[in-house]
Amino acid sequence: MSIVVDLRDAVVVFNGFPALAEASIEVQRGEIVLLQGPNGAGKTTLLRACAGLLPIVRGEASVLGVDLCVDRQSVRPRVGLLGHANGLFADLTIRENVLFWAQMVGASEAEVVSTLQRFGIDGRLAEQKVMQLSAGQKRRCALACLVVRRAELWLLDEPHAGLDASARDEIDAIIREACAAGATVLIASHELERARGLATRSVSVIAGRVVS
Amino acid sequence: MSTQLSLGRIARAVAAKDLRIELRSRVVINQIFPFAGLVMVMFAFALDNDDVLTRVAGGLVWLATLFSLIIIIQRSFAVDSADGALEAQRVAGLNPAGIFVGKALAVMVQLVTLEIMLFFAAVVLYRVELHSDGAVLLVTCVISATAGLSFVGTLYGGLTAGARGRETLLPLLMLPVVAPVLIGATRATESAFMSGGAAVSDGWPWVGVLVVFAAVFGLGGILSFGSLIEE
Amino acid sequence: MEAQTFTARVATPTTRLVGAMALVSMAWVVIGGLFVTPRDVDQGDAVRIMYVHVPTAWVAYLAFIVTAVASACWLLSRKHSMGFDRVAGASAEVGVVFMAMTLLSGSLWGRITWGSYWAWDPRLTTTAFLLVTYIGYLAVRGLGGSLEQRARRSAVIALLAVLEIPLVHFSVLMWRSLHQKASVLSGDGDIKMDGSMLTTLLVGVIGFTLTFTWLVLHRQRVLAMQDAMQMTQLDAALRERANESENKSVIESSRLK
């Protein structure tokens, strides 16, 4: 088993505030790790730091074998971050959105079609503009983008927020499937009951630190 | 695992995406084009003299283009920022030079369409006469000036996208930079119109300035866009 | 927790010496410019504006060159030392002030000698654009984000300004030369400089340059202290969060049981 995320005493500063305060966490390939903790504890910052978006001020951090203190760029194509925003183009259809990301990595159109099918957003639904979709459909579309991008590490920030029960089940199924296909997943969630059933392990993020 | 594509393919996909969004939403066509036309009419109100209007028509066309450029650029990045798609592109590690060229290309297409409309308006409203002698000069001038404007606009649009006070910061940063384009394109256009007795041949040195400008900022954008859109 | 006190001291023997020399030379300029030097045959007393105008213009251009060089140094140096970024920022701040003074003194001078505040002369126009460009540069420095990102972004903008300025200058130059010569400049009577005038002007340039150096040295040290203070505050905040985290995890674990 290889280590995908390895943070040691990592400090990340956000607007002068140590949002991550000497946090340490180790995640193995294929794990689904749940990050739980109160608002403002640093869950989102932890995910964004793993995506190579935020500079590591002190400590060590490596993701997918890339040292983030030295290089925060080269890890990005292999990581998928789904934050509070879905990152979709509202005027484009589901198919066009997914196709855009497929083009970016050279994935084939067939791959797009099969992904849309598996996610249940194919057929007539795929030709709908994103702005006309429900929250759950948008979230599925965003996850489909991560799949065609072949992200190896999924960083999901509150993926269940704002969805109804059946949409949440669908999201869970997608995450399990991705994990089975070899992806590693970090989820920040308030839906503890649901997320615990999904996760292989859960840790608490408290005041900028990771507590097992 | 995922391979990084060439700049050209990313640029093409980004440009196609931006243009498709524009064709769907029609914000530029339904709002910015009428705005630019309105500006042309307002100039006529302000100057209130047919001879003066004909004389300065070239400058007014390019001034209206500059005003529209500001909103086209803001629109171009608003589409990306609305649901975090610009961040998604950054997170995905897409070659920023590809994003830069792609967005600039899309802006270029929109600007050229706008300029054709504005020249048409100048003929109708300002009684400008187009001369076949000046046609080549005019086309070259439009292409080179538009390229320069698109590169500068995309560069500073990317820098200010997501920043607080971006609506005001963008013109402050961008307008001083595009001053040479305004001067150069206006003179070249006046030569092509032969307004005020200008000769067509006078316009060509200005096209040289425009080409140099576009090359400098095209290259500058390709090299620096990644550093500018990083947060 | 013990309170941390800072002794804010940015002066060193070097800056004191520079400051003293600046004071002496500025006093010399005031006395020389207002009393020792003669009036100009054509311009009368108005010529005395020159002793402020020329040195401030020189300092402003110098400041922007320093900003550009420091920005390039930051980008090219492997360590990306923040010192370069601070010098670039400090120099641009001082440069903007001096450039504004140049334009102000210049337009007053122009009003007296040419009869108009402004002429579309290439040098004037470029200077005005330079001022706006560097006001924009300072706005970019204020955009926020991490120190490193501020440094990278503003360095790129500073270098783009270096590309932009010759383009602006050249196009304005071409614009004016293709049209009529600016009429206000045609009566451009060369000021005949005697020895005392030249000396005073030279001392003025030296004095203003020393003032610039003094200001930038102090300003960049203040900036360095601000950055250092952020780091000290970070230490304190880290300790605080560590305590918080311990307390909370005790509560959390008792709650879960």
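Chains here go by letter, A, B and C, matching the order in which they are written, and residues are numbered from 1 within each.
Definition applied: a contact is a pair of C-beta atoms (placed from the backbone, for glycine too) under 8 Å apart; a residue touches a chain by one contact, two chains touch by 3 or more.
Going by UniProt, the chains are A, C = Unannotated protein; B = Heme exporter protein B.
Given the structure is predicted, the values throughout are model-derived calculations rather than measurements.
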Centre-most chain [mean C-alpha coordinates]: B
Centroid-based (C-alpha) most distant chain relative to chain C (Unannotated protein): A
Chain pair, A-B or A-C, that carries the greater number of C-beta contacts: A-B
Interchain centroid distance [CA atoms averaged], chain B (Heme exporter protein B)/chain C (Unannotated protein), Å: 32
CA centroid of chain A (Unannotated protein) to CA centroid of chain B (Heme exporter protein B), Å: 37
Between chain C (Unannotated protein) and chain A (Unannotated protein), distance of the C-alpha-averaged centres to the nearest whole Å: 45
Per-residue multi-chain contacts in chain B (Heme exporter protein B), two or more chains: 231
Junction residues of chain C (Unannotated protein) - those touching two or more other chains: 144, 149
Residues of chain A (Unannotated protein) that touch chain B (Heme exporter protein B) when the two form their complex: 51-53, 73-81, 83-92, 96, 100-101, 103-106, 129, 145, 149-152
Interfacial residue positions of chain B (Heme exporter protein B) with respect to chain A (Unannotated protein) in the complex: 1-5, 9-10, 13, 17, 20-21, 24-25, 79-80, 82-85, 87-88, 90-94, 231
Of all residues in chain A (Unannotated protein), those that touch chain C (Unannotated protein) in their complex: 11, 13, 15-18, 21-22, 38, 54-55, 57, 204, 206-209, 211
In the complex, chain B (Heme exporter protein B) residues that touch chain C (Unannotated protein): 155, 159, 163-164, 169, 172-173, 176-177, 179-180, 183-184, 187, 202, 205-206, 209, 212-213, 216-217, 220, 224, 227-228, 230-231
Residues of chain C (Unannotated protein) that touch chain A (Unannotated protein) when the two form their complex: 144, 146, 148-149, 230, 233-234, 237-238, 241-242, 244-245, 248-249, 252
